[in-house]
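Letters are used for the chains, namely A, B and C, taken in the order the chains are written, and counting of residues starts over at 1 for each.
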Amino acid sequence: MDETRLAALEARVAALEDQIAIARLMASYGPSVDSLSADLTAALWADDGDYDAGTWPGMAAGTTGVFHGSDALREMVSTDPHQGFVRGGCAHVVSAPRITVDGDTAVAVCYAQLLRRDEATDSYRVWRITANRWEWTRTQAGWKVANRTNRPLDGSEAARELFRDALAGPVR
Amino acid sequence: MDETRLAALEARVAALEDQIAIARLMASYGPSVDSLSADLTAALWADDGDYDAGTWPGMAAGTTGVFHGSDALREMVSTDPHQGFVRGGCAHVVSAPRITVDGDTAVAVCYAQLLRRDEATDSYRVWRITANRWEWTRTQAGWKVANRTNRPLDGSEAARELFRDALAGPVR
Amino acid sequence: MDETRLAALEARVAALEDQIAIARLMASYGPSVDSLSADLTAALWADDGDYDAGTWPGMAAGTTGVFHGSDALREMVSTDPHQGFVRGGCAHVVSAPRITVDGDTAVAVCYAQLLRRDEATDSYRVWRITANRWEWTRTQAGWKVANRTNRPLDGSEAARELFRDALAGPVR
């Protein structure tokens, strides 16, 4: 009987550890990009992980907002427009996530805000807010992002679809 | 002795599970309303749960911002003004909560922001921020909101009172 | 063998409890200061704890934004400029933190926002955003803040340095 109870407890503790570990990594994203820590940022993703940051009306022609793999993520942090945002004062704030773990994969739903310093008004402008879906995979080196997808909360259907899909499953 | 330790561990793990479960549900609120998922939103509440969303100077005459029960919550998501906010681009962001569990009830304190897209300035306006008290009840179907109360952080005493009461107890 | 497994579980549960306890205290900061609860605010810190809130261009001459010890923290909440912010409508929102525990000390990294009501535009202005490092110490009365340091995310190096140091260690 004790064996059964011990094994059950071990499984419950492991489930809690997964929740805390993933939440902790998600809280590392902002401080990593806002301190221009390219390696730490890339290390949040699996080696061949994807980041589809979404598109906005004002984006430079030819840019897609999609980053594939560690090198692309490192470059995202090390180049413009990101460098310009940080040099001008900005904050990438990820909201408290809703995490669902299923074995060795997990899905997290949250918001991400990009706030930028506006000297003229001595304040910050909330420049971007996106609906976020983060897909996680358990690796030898801990949980890593397999895919992160952002969709602008600008009234279009894509963000609602992302939220609905992430809330519904397949990982519940 | 092992029995005592096992039982103690089981209680501690259950307490952690309550914290994580409630935080996870609170992180589901925003994505549910912002994806116009009326059923998911209503399912966060107990069948006869209440949501007192607070009042603001600009509210339409006759409206109270109080929703009682699942049908009212579903309608809140399915009708204006909520539908208009979402179609125009918005985000309901609930901050990381302070949760206190006492047996089969719990109280959570946090902030809720409603940000709305402003095309003219290519950014978002932080339209509303409220002090929140969420009262939770443990049911057969998991934790459900018995009562959520928001009070505008507009300098008036009501928000301070809400925060002070929630920080003080009765559930600590 | 059961002894080994039990002891291992006890350590894992204690580690999770530390994470939840510190996150819960961090979520108490905003509601404490925004409800003018000077005692609750001071009680988050160790008796001789420090709060270096950072400096901003517009600060009154002679002020430093550094508070040392419980009396100074209590006074911070009970006097201007804080009282004026609260009376005019404000919110001190602390983001979901990345917490790292090492024995009886811990480091948490997060963002803090100070939003202030702007009646003219019927909305809130994000007035301040800082990079935060919270150093925690385990006491007889639970986890207490030994030192909290904020640095403005205004494009200057200090905030990036704070984030990089906190992400790197010594407590990882």
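Here is the rule we use: a residue touches a chain if its C-beta (ideal position, glycine included) is under 8 Å from a C-beta of that chain, and two chains touch if they have at least 3 such contacts.
The model shown is predicted, which means the values in this text are computed figures rather than measured ones.
Superposing the C-alpha atoms of chain A onto chain C requires a rotation of 120 degrees, rounded to the nearest 5.
At the interface between chain B and chain C, under half of the residue numbers appear on both sides, which makes the contact a different-residue one.
With centres set at the average Cα position, the gap from chain B to chain C is 23 Å. Within chain C, contacts with two or more other chains are made by residues 2, 6, 9, 13, 16, 20, 95-97, 125-126. Interface residues of chain B facing chain A in the complex, by the touch rule stated above, are 2-3, 6, 9-10, 13, 16-17, 20, 23-28, 30-32, 34-37, 40, 86-91, 93-97, 115, 117, 121-126. Every residue of chain A that touches chain B in the complex is listed here, in rising order: 2, 5-6, 9, 12-13, 16, 19-20, 57-58, 95-99, 109-111, 113, 125-129, 131, 152-156, 159-161, 163-164, 166-167.
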